[in-house]
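Okay, here's the structure, questions in a sec.
Going by the order they are written in, the chains are A, B, C and D; count residues from 1 in each one.
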Amino acid sequence: MRDLTVQIGSLRLTNPLIAASGCFGYGVEYAGAIDLSTLGGVAVKGLFLAERDGHAPPRIVETPAGMLNAIGLQGIGVHRFVAERLPELRRLGATVFVNICGSTIDEYCEVARVLSDAEGVAALELNISCPNIKEGGLQFGCSLTGTHDVVSAVRKVTSLPIIPKLTPNVTDVASFARASEEAGADAVSLVNTFLAMAIDVETRRPKLTNVLGGLSGPAIRPIAVRMVWECAQAVKLPVIGMGGIATTDDVVEFMLAGATAVQVGTANFVDPFIWTRLLSGLDTYLERHDIGRAADLVGALDLGHPEPA
Amino acid sequence: MRDLTVQIGSLRLTNPLIAASGCFGYGVEYAGAIDLSTLGGVAVKGLFLAERDGHAPPRIVETPAGMLNAIGLQGIGVHRFVAERLPELRRLGATVFVNICGSTIDEYCEVARVLSDAEGVAALELNISCPNIKEGGLQFGCSLTGTHDVVSAVRKVTSLPIIPKLTPNVTDVASFARASEEAGADAVSLVNTFLAMAIDVETRRPKLTNVLGGLSGPAIRPIAVRMVWECAQAVKLPVIGMGGIATTDDVVEFMLAGATAVQVGTANFVDPFIWTRLLSGLDTYLERHDIGRAADLVGALDLGHPEPA
Amino acid sequence: MIVDVSAEVLENVRLSPEFNVLSLAAPAVARLTRPGQFVMVRVRPGLDPLLRRPFSVFEILRDDAGQPRGISLLNKIAGVGTGWLYRAEPGTRVDVLGPLGQPFAPVDPPAEAWMVAGGVGLAPFATLAEALALRGTSMTLFYGARTAEALYRTDLFERLGARLSLSTDDGSRGAHGRITGPLEQALDALDGRPVTIYACGPTPMMRAVSALAAHRDAPVFVSLEPVMGCGMGGCYSCVVRVQAGERGRFVRSCLEGPVFDASTLVWEALPAGH
Amino acid sequence: MIVDVSAEVLENVRLSPEFNVLSLAAPAVARLTRPGQFVMVRVRPGLDPLLRRPFSVFEILRDDAGQPRGISLLNKIAGVGTGWLYRAEPGTRVDVLGPLGQPFAPVDPPAEAWMVAGGVGLAPFATLAEALALRGTSMTLFYGARTAEALYRTDLFERLGARLSLSTDDGSRGAHGRITGPLEQALDALDGRPVTIYACGPTPMMRAVSALAAHRDAPVFVSLEPVMGCGMGGCYSCVVRVQAGERGRFVRSCLEGPVFDASTLVWEALPAGH
């Protein structure tokens, strides 16, 4: 096995593969399929301070090479998470990224405080990019000052690494990475889902109860890769890339574009055993290309005038 | 056959199906596969004033349920188009939408003037959204004032219907529809392609010579439908919707979301005989749902609290 | 334990233009499956369709020595995925992830077990009937369909000793009308005998069964079929509302179901079904 | 005329772990095809892969009465689409759009025709050889591959009266080395006889052939294989640079090619090939 470790700020990950938030439950659900300690990290489902009901079903719809979701951040709230799930995650040896949400800046801060006091949280991923809820989320994620304000407020209340998760539903995603950097973030992660919709032509109604949902999966990968590339050039912070990763080649593609680590969401639904395949695939890739460390892939895209391919 | 006609400003189309620009050559290439006069319209490849070479190949790459292109607007220029292609298009009975480009506002205006003086042009589609070229395109399409300025300048030099083609690479596409409306557009069309990239992990080089390309095809449809829906609510102008249409259901979906007409691009590559299938499919749909006119579908999305589906 | 196997199609018996039974070489899944559990099937390689589809395990296939060698699915065409499985030829492969979900708890004698199936809702009952037969529980299959031709594989259940009570919408076999008719009569004739009811079928049917039985204090377990994105508890797409506090709460039916005690569900919040 | 047919796979002969000949029931395409033309094949339904793949028409298949009943493709695995076509079982269907592109112009006697094929570049020459045989043009197939086993279907060409000049990289059959070796010798031995050369294979090979022949004033027509998005002139993905003015200009090889007069191409601008 080559050296797969990567560094996100002060955090050393055993490998660059992180389960994406909202696509891996609270992690414990997958303990039967994969040894969680073998993952670079586990980003748990987005948490508000209080429990949340989420949207009425139908909550997902399949689309070409992708899916829409409007779960509406159903969740048990940060207190129950700390009491009921975190101990189990620690026991399983997971590196826990907690995806945190808020309707107000105060709520983000309060959630961050609770988690900072808890044992076993590796980093906070600030969800300022959920397209499916009215309050919070995009309200901050689509405004540069909103992004700056949330990040700097949370920065003040925690010493955990903070990773704003950026939305792709903006003109210039790199400027949001910059705003995050200036506000004291330790890394940025992207992309969250693309705001989208689907209509049932027989009933003439939206297919999702929530009307709008977020597009994820392989369909969006080429846009996500471009955005990761833009952000990696714009900031010194590590970038955590995601959007449609389903194969080892996809992992490598994001890393070449500048991602220090990657997250896998939708593909885990299709194949919960994907992790071992991606890990061994990455190792094989490094070996075939005689690259010593996975970290050497980061940003190694070769832009030199492409030899006529 | 039901009444399939739709109205785009002063222009009456025999049906809502238009071949998308850049996906149908100059139209004449497809005369062997389809009687061009049976189409609602034919949007020809984007034209600058002068001939253009375009980008070095590879110019396309396939992606999950989509493709990237960076053609770079290779073209014969507006003068040769008028002299060499337009007469043939007229003879074939095509309703010609000319997709026009410019590096400067003056160039847009000059191209518009030349086409206004020519015989057989039905409308001008203003390409302010090509993601693959340095000059023109996104430079106007990603700025509200840029959009407003180009549209109002062209408005002054032509009485042809003008249809700015909007880019999806913005935070709030509806505001660009509004800017177009205020500047005197007759309709808006969207979406152009999503800025994206793909990397060859074996060579570690971009798959496209141009590095970046535009994502089109079924992959983007759910985002495009959402954007069409947003624009249709924001402006009184007719909206021409596109992005990933490949089946009759897709056509209907866009119309329900608010599109008065639709364009089909990538799917025509896969199936140049798609047009007759979509036309008869639309007719069958209207019959099955006992809807008299295709125009009645426009914006007929039912948002009433979705009965638990 | 959950496994993912690339399973060869052993046989595809088309029962009608809409229904087929697909036999799959998946011994590992077969060994682990308990009554009423389901699997997530990736119908073909590639990204279209992207997601797996949930299917009840219909039969546990056994070799001559009685060892589990695979499972079968009772498949009804609903769209692209089920269409592929209808056409799948022997020799091709599909990925099968499972077994998943909470199984039925087979009731012991002296209680009777009544299985109420509507259409493709027959699927989870073959495994349950096997388990009931092992326990010696007396059982009846109430099974309704549109026509006589659409009542499939009743032989399986007869072989296990189940009584049949059938109905068809057109009266071509069994009682005329919905299966809730014969069920209600049977309930009225119970005369104090304890019975546990298991139901699977269209949501309105399951709801009606649940209402009928509630009057008679007979426990009802239903197997729900909501849209499922992952089957593993990862996505929260499959929620149904169960009673809790004032408004109830959403639980994931892939983890806490698909089998639910009917009396715990908030039926009004359930999608009317497909 | 261009047609799109849903063609049944009649036969799939696997020549090696990499190459196969796929016979397709596509009489309409077979009737229309001229030498060296290609078709765009949708390898399977659904959106993955999305685009069609270009293939030379290899053989025109005829029934006993000599009527065209289909075409065959000489397929080499390069990725997902060609992989599917390698595995395609008889009875499945693929969509075939064509015939497309500019055909070879078969030369008349007394000129000789030399076909120079590298690897899968053999594909467009079976139809050309048929046309040449009809005209009574004397022909030679120069055909190079890695090993003796990778020289396929030479029987087809012998049957049509072509002389064979073979080469293998490992010397296991024919000359040792590249096919340009035997070709150069033959050119040197021409002694004023008029010859027209047709070449298809890796770009460096075609370029070398073109250079060799240019010295001897022999016209060379090459069949190029760039990436093609549509095959119909719609997308401008398939351009190659031809000489014009100072810098040359891009032309669509699906419309103006795939067959080009080698002397008109700007070889430096051609992708090195796959």
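Throughout what follows, a contact is a pair of C-beta atoms (placed from the backbone, for glycine too) under 8 Å apart; a residue touches a chain by one contact, two chains touch by 3 or more.
Computed from a prediction, not measured in an experiment: that's the story for all the values here.
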Required steps from chain A to chain B (each step between touching chains, minimum): 1
Chain-chain pair with the highest tally of contacting C-beta pairs: A-B
Whole-Å gap between the CA centroids of chain B and chain C: 48
For chain B paired with chain D, centre-to-centre distance based on mean C-alpha positions, whole Å: 36
Separation of chain C from chain D, taking each centre as the mean of its C-alpha atoms, in whole Å: 55
Sequence positions of chain B contacting 2 or more other chains: 56, 58, 64-66, 217-218, 307-309
Multi-chain contact residues (two or more partners), chain C: 47-49, 269, 271
Chain-level touch network, classified as line, ring, star, complete or other: complete
Parts of chain A lying in touch with chain D, wherever the complex brings them together: 64-65, 307-309
Residues of chain A touching chain C in the complex: 22-25, 29-30, 32-33, 45, 53-54, 56-60, 62, 64-67, 69, 71, 74, 217-218, 246, 266, 268-273
Chain A partner contacts - residues on chain C that touch it in the complex: 1-2, 4, 42, 47-52, 95, 97, 226-227, 229-230, 232-240, 247, 249-250, 255, 269, 271
Contacting residues of chain A [partner chain B, same complex]: 56, 58, 63-66, 68, 142, 169-171, 194-201, 203-207, 209, 211-213, 215, 217-223, 225-226, 229, 244, 249, 252-253, 256-257, 285, 300-304, 306-309
Parts of chain C lying in touch with chain D, wherever the complex brings them together: 46-49, 80, 89
